[in-house]
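Look at the two complexes coming up: chain A is in both, with chain B in one and chain C in the other.
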Partner chain A sequence: MEHVFYDDNYVNENLWKEGKQRMFNCTDFHGNLFTCRCRESAFIYALTSAAVAHSVARACAEGSIYTCTCDYNLKQPDGKDWEWGGCSDNAKFGHKFSRKFVDVIEKGRDFRYMMNLHNNEAGRRHVTTEMKQECKCHGMSGSCTIKTCWMRLPLFRTVGDLLKDRFDGASRVLPGRRRRRKFTLLPANTNHKPPGKKDLVYFEDSPNFCEKDTSIGFTGTKGRECNATSLGIDGCDLMCCGRGYKSESYTVRERCSCTFHWCCQVKCKVCTRTKIRHTCL
Partner chain B sequence: MAGVVLETLSWKKLIALGILLLLLLLSFFLIGGLVAPNPSNVMVVLGTKCLRKGSHMQEEWFIPFGGNEKCDSINSVDEDRVYDEGISANQIVFSFWLPYMRDGKQLDFSRWQQMLLTVMQLDIQYDPKFPMVKGNQYNCSLLAFFELGSLHYDYYLINVRVPVEPYKGINMEIGSLMDIWVIGIHQNGGFTKVWVSIKTAMFPIVLAVLIWFWRRIMMLTRPPNLLERTLFSLGIAMSLLNLPLEWLTLAVDMPFMLMINDIRQGIFYAMLLCFWIIFAGEHIMDQVERNRLKHYWKHLAAVIFGCSCLFIFELSERGVRLTNPFFSIWITDVGTKLALSFIILAGIAACSYFLFLCYMIFQVFRNISAKRTTLPSMSSARRKFYLGVIYRFKFLMISTLFCAALTVCFFIISQLNEGQWKFMDQDLNLEYTSAFFTGVFGMWNVYVIGLLCMYAPSHKNKPMETDETSNEEEVQLTHLPSETSSVQAFAAKAAAD
Partner chain C sequence: MDEDMLFGDLSDFGDIDENLLRAYLEGEEVNPELEELLQNYRHDNTPVITRVPFKELWENCITPTLSQTIENVIPLLLLCFVFKLVCSFSKSGSDDNDIPPWLIHFSSLMFGILALQLFFQRTLIYLLVCALVGYSVLVITNWRNRDYCGIVMSLCIVAYLIACEFVLERTVWHSIRGAQIILSMKMIGIAFDLSNGTMIRFPNLFEYLGYAFCVGTVIFGPWISFNEYKNILNQHKRPLSFFWLWKVISSLLASLVFVVCSTCIINWLILDNHWKWFKAYRSAQSFRFSHYFICCLSQVTLVMSGLGATHNNDDVKWDMHIARPYYIELPRSLVEVVTYWNLPMHYWLKTYIFKTTKPLGTFAAVLLTYVASSLLHGLNFQLAAVLLSLGFYTYIEYVFRNKLSKIFNACIQARSCKDCYHEYKHNNPYVIAANICFGFLSVFHLAYLGLMFDSSPGEESGYSMNHTLDKWSALDFSSHWVALGTYIFHLLI
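Right after this comes the complex of A and B.
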């Protein structure tokens, strides 16, 4: 399962991007947030399943993993092979794989599992709805009597951004009536409409993330870097929960005034700069 | 034209033949919809970014996967290694191997898959210098890559380099190229098998009917008239289209197959258009003796002009690709203008053709309404005969319109169906596009067979030719079929309205 390991980096990288500006910092959690039923865990579930679907689809296209199946287009009892009907789309395979691989952990009949499955599906749905259809005509003399279409995979960053928006608008739900082993998800606020397929849902309010919380393995915001000038959540006032912050200056050597051609021929100077770092007390 | 089979055929036989042909038509649609897979399939391959180590002059191929043959690759152009080792754009080779790997096995192309055409899609990262509305990536349009008219080999390896030439200014301002995707479209082997089977089955049938038709004509004492010759040519064009040349591609490399198929199809449709014009013209009931090709020169010139425009376009697009598969007429400005002008000229020719055809049908209709007034003055037996003939003509003409309507309907359905991308597999898999192709192909076969059978000269003597020999009567008789067909055309028009 090398590609899933690769996924892990994928997710971490994104979580880090999102979490850097928030109270919760994903590198602080070491996986324990999965056990919480809060808004943050909903985001992690959705992002993970989306990342699996996306990266497996991408890896299949690159041919870098061996587990991709052909998943023949045509349901034929015999003669079902690549020569007959070709292989199905990578994106379809990634979606199916994510469904099998990520959802398999959620086996219980508990309300929590229902919620996790919902969030997983929401994550995958963002991948599929962000795909764009492209077509090519290749009929007689290149006319459109035959048109073949395929789906263009979105950048994962786009999916991550959308999920972040869903994270901000996630709704708290309560278990509703039980229908055939499944709970319906009812919004906690009765004025809200029930959550849609792409909405993230959570059950418990988030811990305030100010203090250390061993139950979820959170180390608190002590020592976190913050932005002194920002009034938002990444600003020192909110991030440090009013405990104050200390400022220190440090010097750093980094690449600067870089110029590059189309990809990677980067010509940089190395500059020495003095920066100020604020950390929460 | 005196005494075609249609006029002397009994009702029972006519209905039986009609039902037989309809069943044949239905089976074509069903074969396409249920047995054949989608006509073509797509393969999206992401390029592996290989690193070239040697000197730039060295000819070298990079293989994206495999054991020790696999090239040294990077995952992303902004990973640390690129900065640490100072890898330049000139060292990166995008490597593609078609077809890709599935189920842990290397797939290989089958010759049944006939053709491969590819499109390139570039992922260019956002650069603050070139702002855009939304998103993280530019929405780059697709680039036509190459087109192969035959899939003779099992594998195809593609290496793409985007070298930077600072002094010539090549590839300098294209943004940060993150990935190249190659989308390969190939025909499905299953579809080719079904398609070739249909052709192999229909070729001898149409040929047999054609031979029977020509023998009937040869048995006559008079030379064949224009309509019969046109019909015979239509049969030949149909047989040409039916000729299952695809069998040869399994053994021989035939990159010109795509072009040959286009040309065969073009010849058939041109012949069909000519047939309609001549058919309508031969049934105008005025006193002009046509029966010669030169009376139709205006109409035929429109067809020939339009077709030769399309033929030149075909030669300059698919013809040039025989020597250079990467060529496309659309990439240069001059080429685009040239291609567009040919297509527009062909369009003008098509429009003038349809104006001619409509005018001719209008003429037939006008003459018929004039002749119709004389119909009640005829004897009752004769009128009965006339009405019967009218009805049979109606049958044939309705089937023509039915064919045309069916083509249009199925085309629209298959286009709509193609437009919606089904994400999940459905239980009932009806392939509309395949059904459209086999159905329309079978339909024109059935149509030509029907025409050849109905319009072959009959052996039976017509009852009214026994006693009356006056000159006036003969003139009326020679125009008999046209009268009926125009009545029919009118009926069809009314129905369409």
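Right after this comes the complex of A and C.
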């Protein structure tokens, strides 16, 4: 289980990275965003399950989990275009493990659980499809008579970045027909394509994250630091939701005009600067 | 607000001296200020490149590489071995000839086609067509005028190669190119042997096809002469022995070590964030090791099928070497690298191209040899660029070091002198130092030349011209400039 604890760090680290510039600041949550059905929760679901899959696969590869199945006997059907013949199962094992471990929480049969499962799967798929196959040719004078290939797990950072792109392009869905125990997910905008396996989906529009929302354990943007000159989401206008902000100046003593002297000295002056901090009201 | 507070106390210098820096780096002293400073220097978004643990490398790269290689090679080795057993039944020269020679040649052809089928499937038809066209060229020129046999054959082969280059899909062509080179070399070799009278008896179709598709050489090479090939009829003189087995096993092990180094170890040792010249060296070395792998493997198939031995009275010596990695990794000169890169090919180029073109002058002959060699490789800008550069480099190196060795009366030519008449022999410290410096120069040139065989996505279909030029311009074409500089220096002294 220690590997899964280690995931938590993974997720937190990434959420922190992704959320820094956004209004939902991860440190402001206390774990209840899982109950919302919005875009942000889709991201968290996907990222969590991706992180579990990734870290288990990685632990398998490092040899610290002994229960991973490693099937080397994957037969290659064709002589030349053989597939990966190594321990491909690390990723598969991670995928399966994450499916069991993360999806098990979603026991219900309603639409929301289907959506969560979809997002979980989307997260994991990013891990498995980002597995990089690297090949090398061997032959007389650089020709390609035989080829050897191996697989490489993606960096989790890459997965996080991809998921963030999916977050930006996530589509809102409505429950479609019920097929046996499953719902189909229909795009809310009928002009859109139905969501793919790797797309993130959500049902509710995001709360504006402006006010304190106890139902999702969000403390609001009050007191958050913002950037007065930015027009983006980290700018004070958007971040403080029009409530305005207060500015205070403070002084810091910091090193400045550092120069490097050969060799090996760094000479700096210490300047006392006045800086201005803006915080949302 | 106080003016001083705003612009800082200018008299207050914070000096961080070397000792402090070292103490910090060695983790002896935690200095929060310094840490903060270093943090400021650190870029935020550079991807972290770390060396993966060896266990992971083993599992994700070494094991699959080994298993894939072995899986591909085992059938070929079995074919070679069975072929040797078949050949052992023939007792040429004695009265009780169990199997007629034509049948042996025919079985050589059949085993060869089986091997080709294993590696190239239907594409093998292009090789077959090439061989048959070649035989008709041989027959026709032999009937009209034997003297032009070699030249006509060479032209036909070049035309065929160029046609293939345009007709075939690039990936397909790139995969059979290696086998095609070996085949072309065999055909041109036979043609020149016929035209200059080395070979008197015209080979019949079975002999010819058996030679062209001999299972021990058809996939990975090496090139062998027709005379060496005929030893398949003398297999009773080359029985299975300990030395034979030892040669097979040692070459096979060496080839596996080389393939693992080439695909996994070298890329593991030198990481992406190292200096660009280290990375160039890495790509080049990975390519070289891949080449050694192929050479060792070709040695295994050759010996496995009972060829590549020398006879010393009744003693059979399995002492065939295709490449000499040692002389290439720690080179004395580029001239030696080129020689030891592929010994049979070197012999072939020397015998059939260099000696034929020698009357045109040494420089022209050297150049034409490299042109021929790059034509053999097809219309590939990258290979042509590397080979022609090598042609110039080796020529410059050869003349330059010759001149130097005369001036200093020292043993510092491109090839180590056999009976050295110089005053300063090869064990003189200055001579050693000079040769080591030239060795480094060769390593530098090699890193530069081999840099673009870097397993990037274009590898399977052959690299483009832009790829080559991009790679070289990233290193500012420095090796070409150095070579030019050397040449000018040579002219001045």
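By definition in this document, the second predicted complex is superposed on the first by the 211 of 281 C-alpha atoms of A that agree within 3 Å, B and C clash if a C-alpha of one lies under 4 Å from a C-alpha of the other, contacts with A are read in each partner's own complex, and residues count from 1 in each chain.
To be clear about the criterion, a contact is a pair of C-beta atoms (placed from the backbone, for glycine too) under 8 Å apart; a residue touches a chain by one contact, two chains touch by 3 or more.
In this text the structure is predicted, and so the values were computed from the model without any measurement.
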Contacts of A:146 with chain B and chain C, given as first, second, both or neither: both
First (chain B), second (chain C), both or neither touched by A:251: second
First (chain B), second (chain C), both or neither touched by A:92: first
Which of chain B and chain C A:276 touches, first, second, both or neither: neither
Which of chain B and chain C A:157 touches, first, second, both or neither: both
First (chain B), second (chain C), both or neither touched by A:128: first
Which of chain B and chain C A:137 touches, first, second, both or neither: second
Chain A residues contacted in one complex by chain B, in the other by chain C: 61-63, 70, 76, 79, 82, 84-87, 90, 134-136, 138, 140-142, 144-152, 155, 157, 255, 263-266
Chain C to chain A touching residues, read off their complex: 1, 4-10, 12-18, 21, 33, 36-37, 40, 47, 53, 55-56, 59-61, 63-65, 67-69, 71-73, 118-121, 171, 174-179, 181-182, 219-221, 259, 262-264, 286-287, 290-291, 293-294, 377, 382-383, 453, 455, 459-460
Chain C-touching residues of chain A, taken from the complex the two chains share: 61-63, 70, 72, 76, 79-80, 82, 84-87, 90, 134-152, 155, 157, 251, 255-256, 258, 263-274
Touching residues (chain side chain B, partner chain A) in the complex: 37-48, 64-65, 77-78, 82-83, 87-90, 92, 97, 99-104, 107, 110, 112-113, 117, 119, 121, 123, 135-137, 142, 162, 164, 166, 171-172, 174-178, 181, 183, 185-186, 188-190, 193, 261-262, 265-266, 310, 313-314, 317-318, 411, 415, 418-419, 421, 423, 425, 427, 429, 433, 437
Chain B-facing residues of chain A, complex: 58, 60-64, 66-70, 73-76, 79, 82-90, 92, 95, 128, 133-136, 138, 140-142, 144-152, 155, 157-158, 161, 255, 260-266
